[in-house]
């Protein structure tokens, strides 16, 4: 069900990764590492994890052949349907893994940050299922924009703390969650939203999300008799991408692509294309690429896809870009919105804006691929959350 | 010899070390505030470079850094301020606090620049021991003191290593949490300092949340060589933005009271 | 994957069911019957159906043991997770079956009616997937209340026709869809939203929805080693209920329960409790129970669950009530809203208001059952659609 | 002998049959409208009981039924109106159109009541042949004519059975769709009536959407024994609710023109 994932501290020649956190967190990060390694080897833990993934979250999710889209673009396109996962996005894979781990560690309180609310909702939902109290930090600006998700978290019994510092969006919410953890490190587990942050989070979240790639691989082989020619995912922090890639990274014939948000324009704070336009830095616990000015002050970002609206990226992806193992390109808000509508109309699936980035890149690359190529796209979530924004954008 | 070493070796005298964000609320006012503290008798200063996302700081210091950045403060501006302070106070121990990314972006030339303007020690609150090898090497190479931080949950054995890995002094974080004034401390905080004291003779400086002269004295008495007070002063600045003379006066009085 | 279902014209001693339609529809209803019988025996059709159910809709859906709920109520409670189905409710099982059948019949245009929009969205979504144009009739009042679903249908490429006649809600939309079909009977297939209407719809939709019961039966046996002691479903027209019951109806030890909406009060137009408070009549193509006045004028109805807000009920359920094989009770808006919150908080699942009716009845009955009893509840859909109404109701 | 039989047996004379919703817009006005049509020379009338959800009717008749129900019209009120009309016009063939549920709710006593007030025939637009066994039996038992409907897509063989199953007359639905005025008909509609004519000598009456005297004449010429005009009159009522005299006058003129 999962790909084998080593817990790595450093990635690639430039040594991305590491553990750059306050001394107050060093001990608990070691505790997380130890617990994770123990839990992963513990059949009881893994059985419970698999059971909750299956019966609560609804795994396995299918891979679907997108017949009408394939016809239109002349390549066989397959969609990994993480949009069908409970909660509406792949985030649930990781919140289940992390919260079970927190329980395993004896932690009694969960904190998380959230941007638009997806990870916050997934954490709150999982906390409700497991009976763990959850507190979520969320930028005041995001709270204003995403009232529905705030109330959804509250319905799950979670407490939502508004963050008014800084830009009052995701980055600031992460900052605040880190501050909470520094303060309440004994009782608390920080459920991080993506495959980034300090060691061991990038590899640990990759492991939890490797279920996406692992299932997809088997499903592609079953459906087509072969591995896919090219795999596409969107990149926020990188958890759905690295989870998907995990099953293919050792197969050099499988091309790996990632789509990041080109946003509204090339102005520094109007996009969030970290891999293609960011520079190396050290922030949020890791050495990786960031959107920042020349002095290292982190920039505010923009994407129509709230889940991609983050100025950093997981260290392993930064390394995969360096090594050439994966190719990253940016996709604009406009392209995203078009593909959002196209997938709805041709395949009866409303993708998350995030996921529409991945598909948009796949459609862009399709004609460069061999006519016999098979394309696998990770539909990381469903787009119900994005309907209003879509109509606003379209002026409907 | 590092100016901090000199300060901590004065027999019978404990150090009082005010902390300021460079450039808060503006470069000029920031200079006057820092000078007020020094002139009132501070034994050393700890100066913070403002950062967009100060994750180990509480709300008070976050706002302080934001004011500084909003006023147009830059990395170079900070370095120049340090140069100016050094020129005015040739013997004053000066420590810097930076978020790791600022140093990272500046690159290795940062260390030579620090040495050149007369910095005595540097601490990064998001650079733990394991990641600080090259950083300490470079500090060392430029004759600058290296500061490691000890947290309340740092195991004793690790604390020993952190003390070992520090030159200048070791920064003992007084309590769980980020920076920011605390009305009171658990007794535990003071006891912890006393226990750490037993591990080593090297200088220990306590900080985070200290905001009264009684608290300063408690930590001194527990064996700390120095005590840092920071966000309490930032708060004074914030509360008196329309008349910073008041802030300077309160800082002056606080330092004098502590030193008397 | 499906239970064996006979196409029956009449149900029970009172002979519920029948085919009461305009002469204009008699021929096409016979055409539907013939095509369905042929398709069901055609491996190619059934394989395609199963494939779309699996890869597009995400079947099988899991049965989940509701641990915290079970603890609280002292009986083992299991939830059939139709909320995880693509589109967010069990409706998709039937829209896929019906639209594949329409394609099989060579029909080139699909019509449907919708109340709050669930069936309309499911039909539009399935139409997009299969490349069949869909037109949906929807009451003007409902359109006003459910803008999101209207725009969602449009995103799937469907046309939504406002219906201003009568109360301008579901019943009127059904009337209008029937009028359309009478007019365009050659080209058009009417995708009906529940297991009701004229022969062969009740049995045909039951067959398509029998996948719920069929899966559940196997899953319960796998999880508990036995059949459930009692099975609960909510009743709008009755499709999720009859689909669930289908796998247990011949096991007399399995108690069957259905929850219908007691709405806001006992005033005739403030509830929609057709089985417990309706009277026999002939309407919408069938002989069944209806909410109507003493002269046979059909009443307007109310339920906080839009999908249950219908004055009729499928004929087979009416017969099962008569025979005592199933027991039906009404659940109020207030109870529904409480259970909606309770399931969210205890199990991390926001149920559709419709499904919350089923769970509310299960919790009401739990203590009457043997302490060793196992309870199976059909969570027919997810409640994202109901969040706003929930907060309105709570005055939040 | 059923009054419809008598009407259809008049040699050389085709029937014109206006349709009205009983009670539209009120019972009293409805009476006056119906009387205007009869007095202008209608050969028979078809009277509809209003129903909350008339699924085989188009918008015009839906609104007509709604007006009637809104004015307080009841089932008993309808029966009493029929009784009144019968008293005024002892020889007039009177047919009723009901949605099945109204009859169902009234129960089997309905048939005796119809017979008692002098109803000649009954049609239910949502009761197809297969479901109408008991209904026809009861009509028969009470000497009331049974009407089956033939749709445009009814296969010939089935049409023969429907004609066979009708007494009084068979109702030929002129086109696909619900009731409501049509500006024009496909030629096909007229041809279809001619083809049905060949199947049987029994009376055929055409209805649904006929709204001009030319259309009436076309269907007569194609072999229909009678033609029903309904929603055209409902529309006249609707357009003249504030002065129903105008509606009556137009109805009078239409009927006279058709009959002239």
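For this structure, a couple of remarks:
For clarity, chains are labelled A, B, C and D in written order, and residue numbers in each chain start from 1.
Operating definition for what follows: a residue touches a chain if its C-beta (ideal position, glycine included) is under 8 Å from a C-beta of that chain, and two chains touch if they have at least 3 such contacts.
Protein identities per chain, from UniProt: A, C = Tryptophan synthase beta chain; B, D = Tryptophan synthase alpha chain.
What you see is a predicted model; the values in this text were computed from it and never measured.
With contact taken as defined at the outset, subunit B and subunit C are each touched by A. Separation between the centroids of subunit A and subunit C, computed from CA atoms only, is 35 Å. Chain centres here are Cα averages; for subunit A and subunit D they lie 67 Å apart.
Residues of subunit B in contact with at least two other chains: none. Residues of subunit A found to touch two or more other chains are absent. If you draw each protein chain as a dot and join the dots that touch, you get a simple line with two loose ends.
Remark: subunit A residues 18-24, 26-28, 165-166, 171-172, 175, 178-179, 182-186, 279-285, 287, 290, 292, 294-298 touch subunit B in the complex. Across the complex, subunit B meets subunit A through its residues 51-59, 62-63, 66, 69, 74-75, 99-102, 104-106, 125-131, 148-155, 158, 162, 173, 176-178. Across the complex, subunit A meets subunit C through its residues 54-56, 58, 61-65, 68, 81, 83-84, 86, 124-131, 148, 151-152, 155-157, 341, 344-350, 384, 387-388, 390-391, 396.
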